[in-house]
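Per-chain numbering from 1; labels A, B, C, D and E assigned in written order.
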Amino acid sequence: MPLVEFHSVVCLLGTFPALAGVDLQVEPLDVLLLEGPNGAGKTTLLRLMAGLIPPHSGEARVFGVDLFKDRRSARHRLALVGHETYCYDDLTVMENLQFTFKASALTGTGISEVLERTGLGALAAVRHAHLSAGQRRRLALANALVRDPELLLLDEPHAGLDEEGRACLHEIISSAPSEGRTVVLASHELELSRQLASREVRVQSGTIVDCARENL
Amino acid sequence: MRLWREASLVAGKDLRIEARSRIALGQILPFGIIVVILFAFALDPDSGLLTRVAPGLFWVTVLLAALLAVGRAFAVEEKSNARDGLRLTGLDGSAVFLGKMAAIAAELLFLEILLGTAVVILYGVEVNGLLVLLAAAPAATLGIASTGTLYGVLAAGLRSRETLLPLLLLPVLAPVLLGATRAFEGGLEGAPSDAWPWVGLLWIFATFYTAFGVLAFGTLWEND
Amino acid sequence: MGRVIGVGAVIGVVALCLFGLWGAPPDDRQGEAMRLLYLHVPSAWLAYFAFLVTAIASALFLWPRTRSIVWDRVAGASAELGVIFTGLTLVVGSLWGRPIWGVWWAWDARLVTTAVLFFLYLGYLALRRVPGEPVASGKRNAIAALIAFVDVPIVHFSVEWWRTLHQKATVFNPELSARIEGVQALTLWIAVLAFTLVYVYLLDRRYRLAVIDDALAGQALARAIRTRTGGNPGETT
Amino acid sequence: MRLWREASLVAGKDLRIEARSRIALGQILPFGIIVVILFAFALDPDSGLLTRVAPGLFWVTVLLAALLAVGRAFAVEEKSNARDGLRLTGLDGSAVFLGKMAAIAAELLFLEILLGTAVVILYGVEVNGLLVLLAAAPAATLGIASTGTLYGVLAAGLRSRETLLPLLLLPVLAPVLLGATRAFEGGLEGAPSDAWPWVGLLWIFATFYTAFGVLAFGTLWEND
Amino acid sequence: MPLVEFHSVVCLLGTFPALAGVDLQVEPLDVLLLEGPNGAGKTTLLRLMAGLIPPHSGEARVFGVDLFKDRRSARHRLALVGHETYCYDDLTVMENLQFTFKASALTGTGISEVLERTGLGALAAVRHAHLSAGQRRRLALANALVRDPELLLLDEPHAGLDEEGRACLHEIISSAPSEGRTVVLASHELELSRQLASREVRVQSGTIVDCARENL
């Protein structure tokens, strides 16, 4: 069963059809790359998958759950790295991660491992408000990983990361299948992303133009 | 069980942020005291009027402070889109409601104690029926906090939250204002029999809105 | 020098206690309660004075030719003392009001403007706590201090402008003729002197504390720069 | 010359944003009217009290509305860091001050007219000395707008702007509140001779703070 | 005379020395690339050059103006593209650009030309609040160009731009010298940026490690 199943999905932002009939399937352990020009609808598509915005018409299922009926119950199985960090300015990196961790009803030693993996170890005690752009990007990533999601949605995770950060990202995405994670990645860093993707589709003007390019 | 755990997680987070930024203690409280002073001044006090209207002014002030506190509680969620993050964690809407409400209520209660002391001193109020006051204040606070949280999320995410919130909130809270004022008047005059029905009304209101919030918050929280 | 002033302050306070509690006769109308005057009035005046010092120091800080961190520190130290003296005025006035007026507090222009003054400078002190680059935040503080000072003359003239319960100026009245005499006047002047010495002493202390604070901050900064350039990729705050 | 051009540019921008988002008209005004109604509620109206305290309540309400308007005027600059953009254009600080102040004053005047009408109707106030009111209101408005803008920028950029603003602003505006209230009382009672000194005070205050703002704003605007 | 002259400049954010002794000179018509890890201080350095934050100690001059004395008078000759757009949500792209244009006391037909160059032509009537991440990046660029600055400071302008946008950016930077513009560019897109830069320095832990790499 595909994790994400969209059939001619239309999604409105205000009155603007940011998605104008999207057909897309994401199979388990795919690493799907969404590419396409600015304003094409990539961000909208990812937010829709995460259940943050409602679809308008069509058929949309994530983990088999119909998004028209229930946008919540699939959420604990996925995580989204958006343009912003979703963190609290007055809490430290560690506190933010701990909150996400506990709120997701997890237990264990996930946090320190994630800090390690995203290269945030030295910043655990720094408040979110004081982070630089690239440090925030790392935190956004860590904040998603800490939930150990089956489906990882990444919206331009490269933007603002330095070389070390990109290496971390590379490692995270490339080891995703072996960790049982499916990845959907929207990015303009095509060279870097194509190395990682098992499939690539092009989003354009709110629809999907399938390039049917298969890696591996 | 799970609901309580999650609610206390949210409340804990909000109170920790508050403890760190010191908004309620450092700024909302002085704001309240200044409003109390301004009112008294604007009302030209020589006529013993103040003692009479003290309960009303106290509750109007608490209401204004509550607007700030609620605004702040949701401003915190707006920065860096933390609200979306909270939704993504899959926390139950009811838990978020209870948690935020508890944090706001705790801040308000704290505020009321200090503000009440200030009013007693400044307006020269004599307190007779303390029991009534102690029964009325938490009820009114819960009523304010629950409706505040409910409307806070209604207004949240809208661009104009700061200004929309008072507009939505104040009319709904008019009964609370009235009830709390009457209960306090009764309590201060030492005529508790007048006051108890109002206290009952306040508790009904608080229970109703809390229950309503627990049920409705999820829906509001999910909408965009 | 600081020590001399400190000793003077102690002597002044002792003299004030002696005169205030035993030396001066009780008032014809107010009786013993009148002794509160010797705390109430000087603390009010010293509050004015402290805020005046803050305002002048702030103006000197704003004026580019005299700009110096010294003035910012003086302004802050003096404002803190001013707030304390204002608080004392309020408390003692309130204690005094209870026997004389029968209430702790009244909505009288003098009382209200004094309370406003208190909060105004509390706000100023809150603003000072906001961190920032020294010159930039110094200017911001200075402007806030100048705005706040407007309230001081309002407090003083409130008894002339409004019909007040609080009594009109007896010493610095528009006719500039003091209406207090004899041992009572002497005690008042002793009190003013004692309070002034206490103020100067505390100002000096507070200023030194600020200097030490700044020096510590400087050391911390040097250390921070060393750790930062020492190749530590993160930060330590 | 250049100052006026730049100031009107800033004012124009702010008023256009206001026209598009309809905050003052759509939300601050109803907020004001609700506060006026709440006061009436809290003060238990049977005693003819309301007519007497109407001027005070009117100005307290205007002040609260002004807090919202000022907060909004600077919230607009905070989003997307527009404030930095404005600074980068090299606009003169004084021009920014005058522009923002003019926009706030325009909004407030508009609000006062509608709110005043509401008070007259709701509280049953009789207007006798209209001339005094017409002289006092603009002065008070300018005073509020100028200090509001000045403190708005003092608090802007600080994380806690929303709550710090009232704390800083209210004490400074106490004289305006008092003056405007007394002037209106005089005006309404048809005793303008009592009122004119207050009108004078209000104009002095407005002039002083506007001048001070023009001089000081540049410095504050540049600070971080 | 160098446009930017920094000698052991220290700059504090709160109490943290984000710049801990920077020595840097930018000569007219340079295209200087700042690279370095996340949190190194690149953004801080650019904001300092623009006069948005005050220096703490050292010597800092931009266009010959001492930043300790006057952070305003050099500003009309430079423009900064930061992490955010500096635009108003409720105004359209066109209105935002017009405001910047008029506020900078310029006249002429600069705006339509800039819209053209940044590929925003079709979006002139869209409100800022409705733009996608990449469209915002373009607007930020346009908003700087409209002021026709002598010194153009770019903070990660590539982040989030699609291929077309990168081409526009490429054109703008590469034609800068011929238009009399000096560019300082902070970026993690090293391949793309190195093609454009005439000089490159590495920022690390708040100081500059000069690589003395000279292109051309």
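The definition used in the following text is that a contact is a pair of C-beta atoms (placed from the backbone, for glycine too) under 8 Å apart; a residue touches a chain by one contact, two chains touch by 3 or more.
These figures come from a predicted structure and were not determined experimentally.
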Give me the chains shared as neighbours by chain B and chain E.
A, C, D
Outermost chain relative to chain B, judged by CA means, is E
Taking contacts as defined above, which has more of them, C-E or B-C?
C-E
Farthest chain from chain C by C-alpha centroid distance is chain A
Just curious, how far off is chain E from chain A if you go by their C-alpha centres, in Å?
29
Separation of the C-alpha centres, chain A versus chain C, in whole Å, is 58
Chain-centre distance (mean CA atoms) for chain D and chain E, in whole Å, is 38
Distance from the CA centroid of chain C to that of chain D, rounded to the nearest Å?
31
Can you tell me which residues of chain C touch two or more of the remaining chains?
112, 116, 119, 123, 126, 133, 136, 232-235, 237
Going by residue number, chain A touches two or more other chains at 89, 123, 130
Residues of chain B that contact two or more other chains, please.
21, 27, 30, 34, 37, 41, 43-44, 159
Chain C residues within the chain E interface of the complex
131, 133, 135-136, 217, 220-221, 224-225, 228-235, 237
How about chain A: which of its residues touch chain E in the complex?
13-14, 16, 36-39, 43, 83, 123, 130-135, 137-138, 156, 159-166, 188, 190
Which residues of chain D touch chain B in the complex?
21, 23, 27-28, 30-31, 34-35, 37-39, 41-44, 49, 53, 56-57, 59-60, 63-64, 68, 71-72, 75, 159-160, 162-164, 166-167, 170-171, 174, 177-178, 181
Per the touch rule, the chain C residues reaching chain D in their complex are 62, 112-113, 116-117, 119-120, 123, 126-127, 130, 132-133, 136-137, 139-140, 143-144, 146-148, 150-151, 154
Would you tell me which residues of chain D are touching chain E in their complex?
2, 6, 9-10, 13, 16-17, 20-21, 76, 79-82, 84-91, 222, 224
